[in-house]
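Just so it is clear, A, B, C and D label the chains in written order, and each chain counts residues from 1 on its own.
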Amino acid sequence: FEGLGREATPDEVKAWDIDVRPDFKGLPKGRGTVDQGTTLWEEKCESCHGTFGESNEVFTPLVGGTTAEDIKTGHVLSLKTGSTPQRTTFMKVATISTLYDYIQRAMPWTSPKSLKPDEVYALLAYLLNLSNIVPADFELSDENIAEVQQRMPNRNGMTTDHGMWPGKGMGNGGIPDVKNTACMKNCKKAVEIASALPDYAADAHGNLADQNRLIGGVRGMQTGEAHAA
Amino acid sequence: FEGLGREATPDEVKAWDIDVRPDFKGLPKGRGTVDQGTTLWEEKCESCHGTFGESNEVFTPLVGGTTAEDIKTGHVLSLKTGSTPQRTTFMKVATISTLYDYIQRAMPWTSPKSLKPDEVYALLAYLLNLSNIVPADFELSDENIAEVQQRMPNRNGMTTDHGMWPGKGMGNGGIPDVKNTACMKNCKKAVEIASALPDYAADAHGNLADQNRLIGGVRGMQTGEAHAA
Amino acid sequence: AAVAAPAVAHAARGESAILELPPWSTSLGKPVAANPYGMPSKYESNLVRRESPGLTRVGGSSVAFAPLQGLFGIITPSGLHFERHHQGWQDVDPGKHRLMINGLVKKNMVFTMDDIMRLPSVSRIHFIECGANTGMEWGNVAVPTVQYSHGMLSCSEFTGVPLRELLEYCGADFKKGRYILAEGADGSSMTRTIPMELVESGEVLVAYGQNGEMLRPENGYPLRLVVPGVQGVSWVKWLRRIEVGDMPWATKDEAVHYIDLMPDGQHRQYTSTQEAKSVITSPSGGQVLLDKGFYNITGLAWSGRGKIKRVDVSTDGGINWRTARLETPVLSKALTRFNIDWNWDGKPCILQSRAMDETGYVQPGYGQLRAVRGKKSIYHNNAIQSWKVVENGEVSNVQVL
Amino acid sequence: AAVAAPAVAHAARGESAILELPPWSTSLGKPVAANPYGMPSKYESNLVRRESPGLTRVGGSSVAFAPLQGLFGIITPSGLHFERHHQGWQDVDPGKHRLMINGLVKKNMVFTMDDIMRLPSVSRIHFIECGANTGMEWGNVAVPTVQYSHGMLSCSEFTGVPLRELLEYCGADFKKGRYILAEGADGSSMTRTIPMELVESGEVLVAYGQNGEMLRPENGYPLRLVVPGVQGVSWVKWLRRIEVGDMPWATKDEAVHYIDLMPDGQHRQYTSTQEAKSVITSPSGGQVLLDKGFYNITGLAWSGRGKIKRVDVSTDGGINWRTARLETPVLSKALTRFNIDWNWDGKPCILQSRAMDETGYVQPGYGQLRAVRGKKSIYHNNAIQSWKVVENGEVSNVQVL
């Protein structure tokens, strides 16, 4: 492709190649304490995520739903029992690199990529402490992050044993887990309705008459305020 | 298609089925003189087409370029010799029904379908007289229109002997008149350029730089005022 | 009675819509290029993208659903393409936009849009479906219409450069580098891991064109990844970087979201393929049939594993099925439009469609799907959709086992 | 020199477009559904429909050309679809619109849009080309860009009802009634004769859908005829009536216009088929190549007689040819996108494309075409288009014999 593209300079690669992998490739050097994190959190994060990462106002809660036992097993038990109504970030995330990468790349939401490495370490330390993964006097750094990984509550909670990875590197090679057959006649005895739309759900989406064309073989139903009236 | 469509009433068909065919099927009864046509023309048509149907301001001229000889032969000779710079309507039209149909359906341009049958006859009489097809004291009617057809200057000027009618009713059944071969190597000795874009034509279409995307492997040329400046 | 008489006489003569010529038949219309870039008729304003109230809390990390209930064919009008952003959408200056390729390559490289648009170009029609499409319905019926139940689905003709060409040009190590990372230029700089096998197949495109023009800003202008058959989140928008690597990245949107919760408490990670699915788009939930009689049942079918082979339709809740007509073209990893005749006798009934793809996979029912995956997956709900019709013609969303 | 130093140092480190993160990477973007009906990026405003100055005298009877120079793939964005009106365009109220079928039928019938949209529906991708496309160039080169030379061309996915179904339903007399008249509801009430053979083939549609949504007002909302392979004027817009008859109608636009003047002074009447044709859309007239090196030559090919079989491209004015890649899908009577690699060495050259359709017909050169039809046809100019490239990269319109 004569004349097309050019070699990237090392500084350019550095400016954009910010990803951090589970094996910590890409992780910047640095360190930050829970205390430093607390200050930063109050300044830059609290308004959206709540003082303890518990807010459900702007996004689902970051923290909560994990136990000391989970930290031991690496499986968040409430995912199985269903005892927690909502899944928090810490209930799901298996890899601490994910959080470092994401905070550095995207947070705070309104000024992404504004945090320095030490700040990201401090904020992550704060969140780890909220989740009781590290103590209050902890300093997180590139040197000890791999150890903390060993305490992530859901670190064993992921499986790639499925047929939905379109490559060979993981999964079962594409074999579907659910099967149906193309039966054409008398396929079952009766029709069992498992769930139907509650009336409030129809009305919660505004007037459906205004969401359908004014011509054609059908019209939209009168719902929402139109229905109430 | 159970439940779909309904029978049209006779009045409905009458309201919309206004077409007039070359065999005069669809032609309304009525009559109108050249004199009546003159008055109507001045009132309703002149402003766009000129007093004598000669105007080139709003559309190409309706009248002109036909001769007494053409009326005899039914072939407009200047179409062959190229002696007339522009083709007028009367130079081209072979079927008088076409004009009746079109004036009734679409003219005057700003209030189509407003003319009564007698008015269409009168206006057509006026245009026929301008073209020397009928005399100044002529009255055109559904009764004599077939005779006037026999004097249309280009009545023999149409052919359907071609391969571009996608049906069997006319034409040669689809055989192309122009042939090329898919030669791949050394197909000719030299490249003969027959015509190239005159500079004024490039500049007459505004600044081409503003008519092309700002990215991609190409840009638009600076032309028009941008080029002159 | 005297007052009513003229109206009756009129009715016998016919409809005023015909007898009194409408204004558009008796006037001069608007000139060409009155709208240099045209828009739909004013009578079509009901068909727009909409959010589902309560689904998300902020518009910058949310979904706008495509109004499938009123769409035809397989091409989604770009103005109605569904939206899903994680940090809002940006109208990126294409003159300043760059694509970097780094990692396990001989030469880290940078391309301008000028460079990319000079490279060998291909055009292909593919569907894009968010992995979370129909996600609100894993547990129960939750939303009234097909816009909200299936509207994170669109299909476009994409134009761009096969990523394979670019990687070969940069001297990628295809032996070690079995994964690539795609990264966006927006605030979220969305990142997803893509298997190299898909890139090698030539199907993955670095695309700039959508339905004949450039991508829309909401869909990643000026550059996005096209990963046919794979959930939308991997089709990274505002694409700024591709890295070749030897392991998956476990980015936020493949380690915290877009993971499927199984009944045993484990999450399936890297579920990417969108399995065969279909839905009747009309008649559908929230619509009312005008009358009994003849209808055309129409809908969409698609599979992330290739072409649609067949679509069957049931009007009795899945006891009996008839095979629908498929419209052309039927393309791999593209939407396929199906249609089938139906005479509604005015009695209650339940409409369903069931897709089969070229691998022989048959779209499952809710019972079958939940038996394996429970009710909490959020992602990849491809169950058979049911629309219940009652006597007054109202159609509503139900789930049939 | 001291002043210049920082810039140099900077250049060595890299480009500011990368080193200084752009605003779209460091900010929150706009929410979903900010535009419920989306529009192209503000950076795309150069790509709009345009009139050719001097071609017509009034905008209500004129042409707006599609900007082919910047389009990709085969689908024309509906907002850029070419326009040709004879009495302006109208935004017809679809609730009041009616379709009448009369003539040689058992029952004259009237259909509402509700009726029509309940009938069996099909979706198909077809090109539409005005018979006058490239008409300005019969005699000489007249216009600078492919927008004006070939822009009365578009391609969409149309959805509608096969006219055959409607005629059968009305009890049409297919034996006597070998012609139909299609009539519009606009001021001009455009009328054209269509052969019954095309209707019987099932290809002719009474269409309401275009690229997934309803037809645009400029393209006949809410109903138009789709007559694949046939010139645009027959695709009657704002369709209000179909009459079945036993002879052609010789309407104004088939007896005074859309007739082709031959050298012997005779006009060919009822020339309707659009014969195989192609054009390179980029690089094309009025464009400037940025530099020498690699380019993707891209263009469109189409035939009113079926599928495109092959497209050859020459860069030496037609002495030698190479076969281009065809993008999928290749459909009957639809545009086909072709692409071919090209390394520009910086020397003058002439680019051409030549289409071949499935009947074996090969697109002719100007010499061949004029030898038979002269220079005054106006309609149906399907000659091979030539673009001349000079050293400074400027591309211009020339005609090669």
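Here is the rule we use: a residue touches a chain if its C-beta (ideal position, glycine included) is under 8 Å from a C-beta of that chain, and two chains touch if they have at least 3 such contacts.
The model shown is predicted, which means the values in this text are computed figures rather than measured ones.
**Student:** If you apply the touch rule, which chains end up adjacent to both chain B and chain C?
**Tutor:** Touches both chain B and chain C: D.
**Student:** Could you quickly compare A-D and B-D and let me know which has more C-beta contacts?
**Tutor:** B-D
**Student:** I'd like the Å distance between the centres of chain C and chain D, where a centre is the mean of that chain's Cα atoms.
**Tutor:** For chain C versus chain D, the centre distance works out to 27 Å.
**Student:** As a quick test, compute the distance in whole Å between the mean CA positions of chain A and chain D.
**Tutor:** Using C-alpha averages as centres, the distance is 46 Å.
**Student:** Nearest whole angstrom, what separates the Cα centre of chain A from the Cα centre of chain C?
**Tutor:** Measuring from centre to centre gives 22 Å for this pair.
**Student:** Give the residues of chain B touching no fewer than two other chains, as numbers and ranges.
**Tutor:** If we look for residues of chain B contacting two or more partner chains, we find 1, 3-4, 8, 12, 16, 109, 112-113, 213-217.
**Student:** If you look at chain C, which of its residues touch at least two other chains?
**Tutor:** 15, 18, 25-28, 43-44, 47, 50, 58, 60, 70, 87, 94-95, 100, 110, 114, 117-119, 187, 189, 214, 222, 240, 290, 293-296
**Student:** Among line, ring, star, complete and other, which one matches the pattern of chain touches?
**Tutor:** Topology of the interface graph: other, matching no listed pattern.
**Student:** What pairs of chains are touching here?
**Tutor:** A-C, A-D, B-C, B-D, C-D
**Student:** Along chain A, where are the residues that touch chain D in the complex?
**Tutor:** Touching chain D: residues 1-4, 8-9, 11-12, 15-16, 109-114, 213-217 of chain A.
**Student:** Sort out for me which residues of chain D touch chain B in the complex.
**Tutor:** 43-44, 46-47, 50, 52-54, 57-58, 60-61, 67, 69-70, 86-87, 100-102, 107-111, 115, 118-119, 140-145, 147-148, 169-170, 178-179, 181, 183, 187-189, 191, 195-198, 229-230, 240-241, 243, 245, 247-252, 255-256, 259-273, 275, 282-283, 285-290, 295-296, 304-305, 310, 312, 316-322, 350, 354, 356, 361-369, 371-373, 376, 380, 386, 388, 394-401
**Student:** Provide the residue numbers of chain B that touch chain D in the complex, in ascending order.
**Tutor:** Chain B reaches chain D through residues 1, 3-8, 12-13, 16-19, 21-23, 25, 56-59, 75-77, 79-82, 87, 89, 92-95, 97-99, 101-102, 105-106, 109, 112-113, 154, 157-171, 174, 176-188, 191-198, 201-202, 204-206, 208, 210-221, 223.
**Student:** Applying the document's contact rule, which stretches of chain C touch chain D when the two form their complex?
**Tutor:** 15, 17-18, 22, 24-44, 47-51, 58-60, 62-64, 70-81, 83-85, 87-98, 100, 110, 114, 117-125, 157-159, 185-187, 189, 208-209, 211-214, 216-218, 221-222, 238, 240, 290, 293-296, 298, 325, 327-329, 331, 337, 339, 341
**Student:** Going by the contact rule set out above, which residues of chain C touch chain B in the complex?
**Tutor:** It is residues 12-15, 18-19, 21, 25-28, 94-95, 112-114, 117-118, 214, 222, 291-294, 343 of chain C that touch chain B.
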